[in-house]
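Right, one structure below, let's go through it.
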């Protein structure tokens, strides 16, 4: 899976008194898109958790270009921009009717969670690693 | 502990595009007040969780009278309105500068959470039960 | 429109450290279902706002029966349970794979918002009132 | 005002099913600290909004080092890291008992909002600009 498009509609509690989506929700949108991408790849972060593997976020950033408003429909274009043995970095581009709304990045790390042990970064399991390929940024997105 | 007053300021993401606090946050305010009340009573829901005891909410309600806005300061007046062996029902009155904003109710139940066992309602531990007394509703609040 | 079914999946930030959906989100789910119902009826709360009409919530309640967890899919069954000239009361039943999760109620009131004037409750416009009919509670739901 | 320290306690709905604070809340914490800093400087974003001036966020980022859990107390150390005629960039360092939790950055831009006009970036009013000075990063924070 190289790129994934996640369609979403702005819900009312995501807006703030300035009449636009509160910026913290953009980070939730990217994570939602990620989880949807994983499900589309036959994976589930919920299932991973059950086998003692977690994926904490170690970095996240956004540049905001245009606001989103209540009931707007938009797309999250999600790509794997970088892959190391223990980490994945996604790039995310939000568009509404083709117009650029925001561009972001989110990096996650694979950890083992076992009861009574400290959380420890580990190489991601091969069955997960092989599902994601780094996608070259197309020129139109540059 | 009979009544507890929790002071809070409205934060920006709690507002919505109508310019007022989104109604779902009132339920968060009551729970915050509850946790603060427990800490004031020398208890902690976090610690309880560690000894395998949880307090899920089984009912919650609110009647909304006046809106709250960004940066408003208000008080949650929290009381134990009913106590059974397994449950506590709180009543909550929100006031801003003395003015009634909203009135609510929240009922919690004591459960045992053990790995590999279904969650089960239990009598609340005596050291917790004895901390809370049912408070008669004063006439000024009627 | 008598009953409306809104399908939703639990998103990760809606869960809490007890491993289940935080109860305050159930109120958001009902409002999301309401907004979706309005759109299905050819209406939009966003558009109403533009013509100076708002719909604050004056009451909301829930009884919680079973928890929801990350990635669960569930349905909100939304009905208009009561209609007065100025208010609508919805009943909401949440089900996952047919199983009862929670039952709630939410009452909204029609208000006029004009710049420089106090917010005032008004009779709801006929084009809105005629869209919604009170639905009798079916026996299976009782 | 060069640096501002904002003390905060983790509230329960801010945690997620991984048992830690959901990363999107770190961005809310920084904004809360910012608003508190403004109030301490005799300013209020709510008041600014009333005179037609807004402060949308144009960029935000975080690197997450350690998790926060329910009831943890922590501090947001907020500084103005960069000031241009139209923008302020804050740096934020979150610490719990002195330990580094996360480091972030948030950039805001001054805009004029007038009814019927497009939102427009403007030079920030002098009475605001003079309140904030760029704080050199101390070596201990490097």
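To keep things simple, chains are lettered A, B, C and D as they appear, and every chain counts its residues starting from 1.
Rule of thumb we're sticking to: a contact is a pair of C-beta atoms (placed from the backbone, for glycine too) under 8 Å apart; a residue touches a chain by one contact, two chains touch by 3 or more.
These numbers were taken from a predicted model, which means no experiment stands behind them.
A repeat of the B-C interface exists among A-D, B-D or A-B; more than half of the contact pairs are identical by residue number at A-D. For the pairs A-C and C-D, the larger set of C-beta contacts lies at A-C.
Measuring from the averaged C-alpha position of subunit A to that of subunit C gives a distance of 29 Å. For the pair subunit A and subunit D, the distance between C-alpha centroids works out to 23 Å.
Separating the CA-averaged centres of subunit C and subunit D is a span of 34 Å. Residues of subunit A found to touch two or more other chains are 12-13, 17, 20, 24, 28, 31, 69-70. Chain contact summary for the complex, subunit A toward subunit D: residues 17-18, 20, 23-25, 27-28, 31, 49, 54, 56-64, 67.
For subunit C in complex with subunit D, the residues that touch the partner chain are 12-13, 15-17, 19-20, 22, 24, 69-70. Every residue of subunit A that touches subunit C in the complex is listed here, in rising order: 11-13, 28, 31-32, 35, 39, 44-46, 69-71.
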